[in-house]
Each structure stands twice: as structure tokens, then as C-alpha cells.
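Read from first to last, the chains carry the letters A, B, C and D; within each, the first residue is number 1.
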Amino acid sequence: MSDVVDSSRQADARSFHVGCTLTYEVSAETAFIFNVMPRHSHSQETFDERIVVTPHIQMDEYTEQVHGNRYHRLHCIEPTSLTVQLDATVKSTPQLHDPSAPQLADLPSQLPLDMLTYLFPTRYCQSEQLQNFAAREFSHIPRGLAQVDAICDWIYQNITYELGSTGSMTTAGDTFMFRAGVCRDFTHLAIALCRAVAIPARFVTGYAAGLDPPDFHAILEVWIGDRWHLFDPTRKIFLEQFVRIGIGRDAAEASFAFIFGDAYMTHMNVYCVEQNEEG
Amino acid sequence: MSDVVDSSRQADARSFHVGCTLTYEVSAETAFIFNVMPRHSHSQETFDERIVVTPHIQMDEYTEQVHGNRYHRLHCIEPTSLTVQLDATVKSTPQLHDPSAPQLADLPSQLPLDMLTYLFPTRYCQSEQLQNFAAREFSHIPRGLAQVDAICDWIYQNITYELGSTGSMTTAGDTFMFRAGVCRDFTHLAIALCRAVAIPARFVTGYAAGLDPPDFHAILEVWIGDRWHLFDPTRKIFLEQFVRIGIGRDAAEASFAFIFGDAYMTHMNVYCVEQNEEG
Amino acid sequence: MSDVVDSSRQADARSFHVGCTLTYEVSAETAFIFNVMPRHSHSQETFDERIVVTPHIQMDEYTEQVHGNRYHRLHCIEPTSLTVQLDATVKSTPQLHDPSAPQLADLPSQLPLDMLTYLFPTRYCQSEQLQNFAAREFSHIPRGLAQVDAICDWIYQNITYELGSTGSMTTAGDTFMFRAGVCRDFTHLAIALCRAVAIPARFVTGYAAGLDPPDFHAILEVWIGDRWHLFDPTRKIFLEQFVRIGIGRDAAEASFAFIFGDAYMTHMNVYCVEQNEEG
Amino acid sequence: MSDVVDSSRQADARSFHVGCTLTYEVSAETAFIFNVMPRHSHSQETFDERIVVTPHIQMDEYTEQVHGNRYHRLHCIEPTSLTVQLDATVKSTPQLHDPSAPQLADLPSQLPLDMLTYLFPTRYCQSEQLQNFAAREFSHIPRGLAQVDAICDWIYQNITYELGSTGSMTTAGDTFMFRAGVCRDFTHLAIALCRAVAIPARFVTGYAAGLDPPDFHAILEVWIGDRWHLFDPTRKIFLEQFVRIGIGRDAAEASFAFIFGDAYMTHMNVYCVEQNEEG
């Protein structure tokens, strides 16, 4: 136990049973790089992790250096129907921020310079185009968690959650104009607006208990007061029930599957169930 | 001395006198992060480096971890006219690739996974949108340096170099459609096309002797056969006369100045002169 | 009979049985404006035209002034399942251009000024952005039908016809970059490239015999030598088997249905069968 | 004097001295089509109209059918420095709408169908992309002049007028995102939002007394209650002091000069001075 007064609060440890089944029709030689494994971190431990590929194909396993993404790569030499099944138990003790003690964000003049990369515009987050809007709408709010809260509230109130309304090339700018999207779009817009007010922000994928319909989820995290804080502008989940998978500047870097060749998904099943400790 | 046959060739050491003067009209509190210093690497050494700010303001100096960009940060508290002057001597021994021994690029199934980040689409390089074009135009060419050569030739033949034709938000897609641009645009399009054929590519800024008119220059480098290779699709310079400054996935990450506040440039002067060794 | 030598040739009269069934789920008060009737013109006569709406709702009928589009408007006051059925027999004597006698297009300095409107960029045909490309690729070809042929050939060779690859907001620029699309996209790109070389061009919808799968079709027509000439860059149909419906500067003006309210299509069936005269 | 109660009010007749001088450097054979003449209409009469071209080149004069734009076309066969000077006196009796008697707009189910063309999205007014935003923000306001007022107010409050912030390819969508622009951009955004709530809207260019700096001006007009009504979302002018030139669906159709060839403007001077009747 620490005496240090910390604006974050340590949530209770929770345990989740997570996994997915992904099936692809592969019509030519294809390399797949999956990013579906729960990440390893001080706040998230994995047990009984099992990944099965049918037909059996050898996989590379690699943890990338910058963000700690856990890649599984496999190489289909010939046409086939490929199924990847992942199953794991994850124990998570997320650190959540305490809404009653909002923290201030570093000014650009003080920000650790390794964070600069999370301020730059990226493929799906054209923060530089939204700078005037963000300044008008959010610059009167104290820099920091309060500002990110305001950004997420604005998105929740102004963007309609609508399955199928967008696609894999939809950007934050498109969503800002079109006013509809799914979790990926809500998160891209939140990231773009945070960067536009000079708060470092990035894209996080994960498994989320209670998500309806079940799917991979995408939320953002922002760098404020020497740590990363999670936010979900869709308000679809409890942050305590989120199991982290991948991290990237935007969805381009944190997709659950990168495909080089000729294949399309025919089936996807994702689950995340919180374990009843007494059960 | 090594007996290993290497397709690259070590160019002779050369020496350059480089520098720049940048003047800004600052109208409110503003933080600047400059990325104008010649980078430190095994093939590039800097001597007599001197950076002067007028009026005198203390600067942070920081070398960022992922790409080795050398940032200088300064904080103008109040309106002023700010001048930054950099001057250095650089000794460079660039490794250039040998056109007579073209190397093959790794397939995505073999690529070091830390290189994956240089295949993703970025703000100004929408490689995923150019995939069909790239496959039609370049996939019959052996993967590797020959393919990058073909991409750079295609750009040189199809895009007109035209000062003032584009702006700071112009993307590779815009340039592909508009068929005109400057070095930044040529390089973005080359990066996008390389990524579209699964060759890792990134953006490099630098000082270049003989560039007319004098300015910062931007070219690309691609990862093939375990190292990075420079290419200049504008054909404006000799690669032996390029002194590297910054590296990024695209211009968003390697701009020579990031500005947070309210300032605009009123004057810029850039120089790079090769030193006559006998002189 | 005329003695005038004409580069166009009068095709034989042909007869077609055309029609469509469109079903919508209407969830709130909605106005529909349909543009599905074969147009009336000197080269196209309609017989036994019948349009039936279920449930029965009174329709406005109106032929718009500029392009002669035949609108049917109906107003659903309340939620319903709406079906519109059209059936007609059309006798057509299309004037087709004679490929052996290519005509020249007017220069902008001579063009009838009422044609100027068909040179302007429109929502889905950003001709001004493709001007450099068009000049490089097509300006060495004699202005006129030969140039339009070259444009349509280029599109046929460089764009892949791919059902489902694009959507209702896809532009000529998107298609130019993405290199795939459907008839609407092929036609938008052809229009944009014609306008970029200063040939007036517009969008024409119609029924087409032999189209597989059956659907409404979209092609372009260009103004050369005092009349309009049809072109189909998809090469999916014989122009003699095309029954014209609507005309517009692009698809925005010639959609088969404009919907103001809340409705979506649940079913569509389109047919066009050439009548065997002996049959 | 009429006894008819009319929500519009007839402004007093006013007289304006208007004109422009446009100079172009022409480097190759070029056709120009100018649209700079005050239009002829029941509310606007022109006197002492004089257009002079130096060097002297014969001009076509043509009034286009759909919108009544008055085109002057001239053909430079060889490189030259071209100056066009227009000067005229205009007597105007604009009909302005009476803010105290707001009129309702036709529903799409009742709108004259010749007005449908002013509801379609155009090159610079992507109304279909702004439909969700427009519905949320403006659909609670009574259809008609009040709604257009609300749209213009919203634009005035949310978009910054900033000379040089945009270019000739900037769209309403860009302006919506970027939140800055000039009169052309304000007007495009207003048109797009009006169309998005199903109010026919179009682009009008003109001379405006008191505009600072002097320039051509662009505003919109909307079709409500059987006539067109002018609105200026920039609030830079008094509508009584506006002399109309061209009309189009957007700026693509109402540019003051269309250029086919190779020329760029080196000088422009525009004036509009209200005549003191006693003077």
C-alpha cells in the first residue's frame, strides 16, 4: 500500500475469458499477420492462452518493440479455408482515472518529446484539419482529463452510432462531416480532436465484456500526467471490462489482421466474458 | 576489410557545410520544436555544430528514441520576432546501393516484424487506396530495388515538378490525381506506391548540395535486404550530396518545425555546400 | 431520304420490352421522385406504358425542362411497404456514330455556349483535378470522337469492373485512384476526362438488353459535331440495345429515385428484352 | 402601388457605378469566357455598358438559356498581355424579403419539379454528406426563411472569414471541417446546408458597394414561396447594395472567367460605387 496521493484509482482485479474464431477463404498465396492476443503488461496477465490454426500451419510469434503488439504471422502457400481460434483467460487490474481529481495535461513546451509522435496527424485522424474547430469548442476547458471528457461528450452527443454506416477507409474528417459511425470512427474522431488541442492520443483495440453485438472494440487512450488514460466515446462498455489487445497511432497500425495476398473473411466470432470469482 | 560480397557500395567520404536561418513572427505564447540538426549516425558525423536563437531563449535538446530525430524545443512566452540560425560541418560516408546488383525485398511472410509499421498507410501516404494501381503497374517487376526504381521512374515521368502547386495538406492521392507537386509530394507518392507493393518505406529530410533553388529536401528510403536505401524520385540531387536530418513515416512526423501557438515564418534561408578537400 | 453525307448512321429500328419493380420499406412520411420512364424523343417512342404503385397513391407526372427527364412524384404520408412497377414497350431508332468517319469536336473558342455547362466539374466528376493527366494522356489525339474512344479504351484497360467495390458517394477521382468500380464509376471517370480535354459530356441512364446481371445501366454522351454521341466505357452492352431514361450532368442529377424522408429499398428487379420481330 | 400583401418588400431604386479591370499574361493560344456583365432582369437595368479589350480582339456575346448568364468569349491566338475592362451604370430595385413575415418553403412533395436541380449535390456543395448534421441542427426550425436565417447565422458564428485560407478547389465539406474561408466558401457551405434540408439553393456572383477589400462577391439565393431570396452568410454587405452578375449551381458554373489554354491573371481591380442621387 502506498501513501502517495494518486488521482488514479486501482480498480479491483477482474478475470475474463476471451477469444475469437476467424475464418478466411484464401484464394492464393497469402501472408496473415494477426494482432489478436491480449497484451502483456503490469496490469494485465494472461493464462491458458491457446491459438489454433486449421489447417495446421506454423506461425511466427513476435512482440513488436514500440507498442508491444503481439503479432502472429502465418503463411498460406495455397488456396484453403483457414480458421484461427484464440482462447485465453486474462486477469486485469486496470488503473482508471479518478473523475473527482482531474489532471492537467502537459503543455507542448513541457511534454516528454517521445510523446510528440502521438500529436501528429495520421491516416485516419487528420487532426491538423480540425484545429480551428477544436480550438473554438474545447480551448476554454482546462487542459487535461476535463478536456478529453468534453471531447468524448461532444462526440457522444453529435455522432450517431450506426452499424454499417462506414467502411475501412473512413476517416475522422468523414465522421465529423457525416455524423455517424461505429467504435472505430468515434475513436478516430476523439483522437483527432485530442491531438488538435495538443493532447497525445492513440488507438487501442480490445475485448470488451458486455459489448452488444459482440465484436472487437476500439477506444482511445490519452497521455496526461505521466500516464495513459483510457476513454470510450461510444459509452458502450465499462472500462473495467476492457481487455487490451493492440496499440497504434490509429486503426492502420492496430488492425486485428493484416493480409498480404488474396483472402476474405467469411466468419468472425468474438467473445469476452467476465468470470464470476465465486463461480 | 570484409570479404563479404555486398551489393551496396561505400561512397567516398565527403564534407559539407550546412545550415539554415529561419525567422518567425510570433504573435502569442508559442512552443517551437525544430528538427533541423544533421542526424548522428555511423555514416554521418557533425563538427562545429552551432545553433543560435535571437532573442536568446533557452532550448531543450532531445534525441527521440524511435527514429533518432534531434529535436530542439523553445518556448516564446510573448510576441517577438524570432530567428533560429543553425550552422554545422558534416562528414558523410553514405552507403549507396549498387545498381548492377539489384537486391530482392523480403516478402511480407519473411519481413522483420518491426518493419511492419513502414507498410501502413499514413496521413499523406494512402497506400491502401493505390494498391490496385501499384499491382497492375509494378507487380511484374522483381520485388526489391528494381521495383523501387520503376516506381521512381514512373513518378519522374508522370508527375511535373512545379513549385507552389501544392500545400501542406496535399497527399499522395492528390498528387497521383493532380500530376504535379514538389519534393515532398514526389516522395509521398513514392512511399505510398512502395508500401502498396509491400516494401517498407519512410520519409527522410535533409540538406542537399546543388539543390536549386536552395531549400530543405525530402526523399524516401526503403527497407530491402536488411538495410535502408535512399531514393530521390525528383532526380534533383546526387544522393552522395545529401545530408540527413529527420526521419518519419511521412512529412507529418519529419517536419523541420512543429509550432504550437501563433507564429508564421517570414524568412527562410537554407544552404548546403560541399567542401573542396584540397581547398 | 437525304443526300447529305452524315458520319452518323441510322441503326435499324428495334423494339424492347422494359420495366422495373422497386420495393421500399418506408418508415416515416416520405416523398419519392422517380426517374425511371423511358424518355420521349425523336429516336425513341413508348407504347403501352404502365406504372402501378402499391398501395395505391396518387402520382404527379412532370417532364422537366432542361433535360426532358420524366419525373413521377409520390408522397407516402405514413409508414408502409411501397412497390412501384413500371412496364413499357419502346421502339428505338438510335443514331450511332460511324467509327470510320470520326468527327472533330468544337474548340472552346467555337463551342455553342449552351454546352459550357457540360464542361464544368460536378459533384462526382472533378474534371479540373484530372486536367494534367488528361492533357498528358490524350491531347496528342485528334479532338473529337477519336479522343473519346481513347478515353473509353483507357478506362476499360485500367479500371476493373467489380460489383460492390464502390458506393453512392464514390467520385471519378476515387475511381481514378482506386482503379475499380461499376458502370456509374466508369461513366463518371469518362465524363471527367472528356471535360478535362474540353469535350462536353453528360450522364445517361437507361435500360439495356443483355446486361448481366440485369440492372439499370449508366453510360455517357458527348457533344461533338452538333449532336450527342453515346459511349459505354464498360463495354457491357451494344449501344443499339440501350433504351434511354434520364440525363444529367452526373449521377446526382439522374438517379432513378430521389428520396426525401425515411425509406430504404428492399427489392429491385429490372428488365429489358429485345422483341423478336418475327416472334 | 399594389394592394397585394407580400412578405417581400420592394427596396428603393438605387444606382451603382460598377466595373472591373482584369489583366492576364497569356502564354499560348487561349479561349476566355467571361461572366462579368451585370445581368439583365426586371429588377436590374444597365446603362452605358462598355467592355474594352486590349489588344483589340473580337468578342462573341451570348446570353445562356438556363440562368441568363451573359458570356463574352474571346480567343487569343498568340501569347500576349490581355486586359479586359468593363464599366457600367446599373439601376437596381431589389426585392428583399421582409424579416417580420417569414415564409415557409415548399416540401419536396410540393416543390415545382424544375427546382429539383437546386437540391442536388454539386462539385463544391456536397449536401448529401451534411444531411445528418443539417437535420440535427436545423430541422426543429420552421421550414423556410427562418431556417435559412439559422443556417447563415450558424455559418457566421462558426466559420472565420480569412483571406487566403482556401483555394479554387475548396468544397463546402472542407470549409465545414476547416472552419475558415472567404465569401465563396461561406456561400458554398450555406448552399450545401440549405439543400440538405431540402431548400433549393444556388450561387450568385455580383458587384457589392462597400465591400472591403473591393472584389467580386458571392452570395446565395434560395427558392421559397415562389421566388428567389438572397442571403449573405458573410454579413459583409447590404443586400440592397448588391448588383447581380452570374448564377450557377455553385462556383463551378458562375466563375467570372473560364480559361481554356495557358494564361494567368496578373492584376485585378473591381469597383462598385453607389451613386448619390443628389450628387
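The definition used in the following text is that contacts are C-beta pairs under 8 Å (C-beta built on N, C-alpha and C of every residue); 3 or more make two chains touch, one makes a residue touch a chain.
This is a predicted model, so every value here is computed, not measured.
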item: Any chain in contact with chain B as well as chain C; value: none
item: Length of the line joining the C-alpha centres of chain A and chain D, rounded to whole Å; value: 47
item: Centre-of-Cα separation between chain C and chain A, whole angstrom; value: 44
item: Distance from chain D to chain C - Cα centre to Cα centre, in angstrom; value: 30
item: Sequence positions of chain B contacting 2 or more other chains; value: 129
item: Chain contact topology (line, ring, star, complete or other); value: ring
item: Of all residues in chain C, those that touch chain B in their complex; value: 126, 129-130, 132-133, 136, 158, 160, 173, 176-180
item: Complex interface listing, chain D residues touching chain C; value: 31, 33, 60, 62, 64-66, 71, 73, 75, 107-109, 113-114, 116-117, 119-123, 125-126, 128-129, 168-169, 198, 248, 252-253, 258, 260
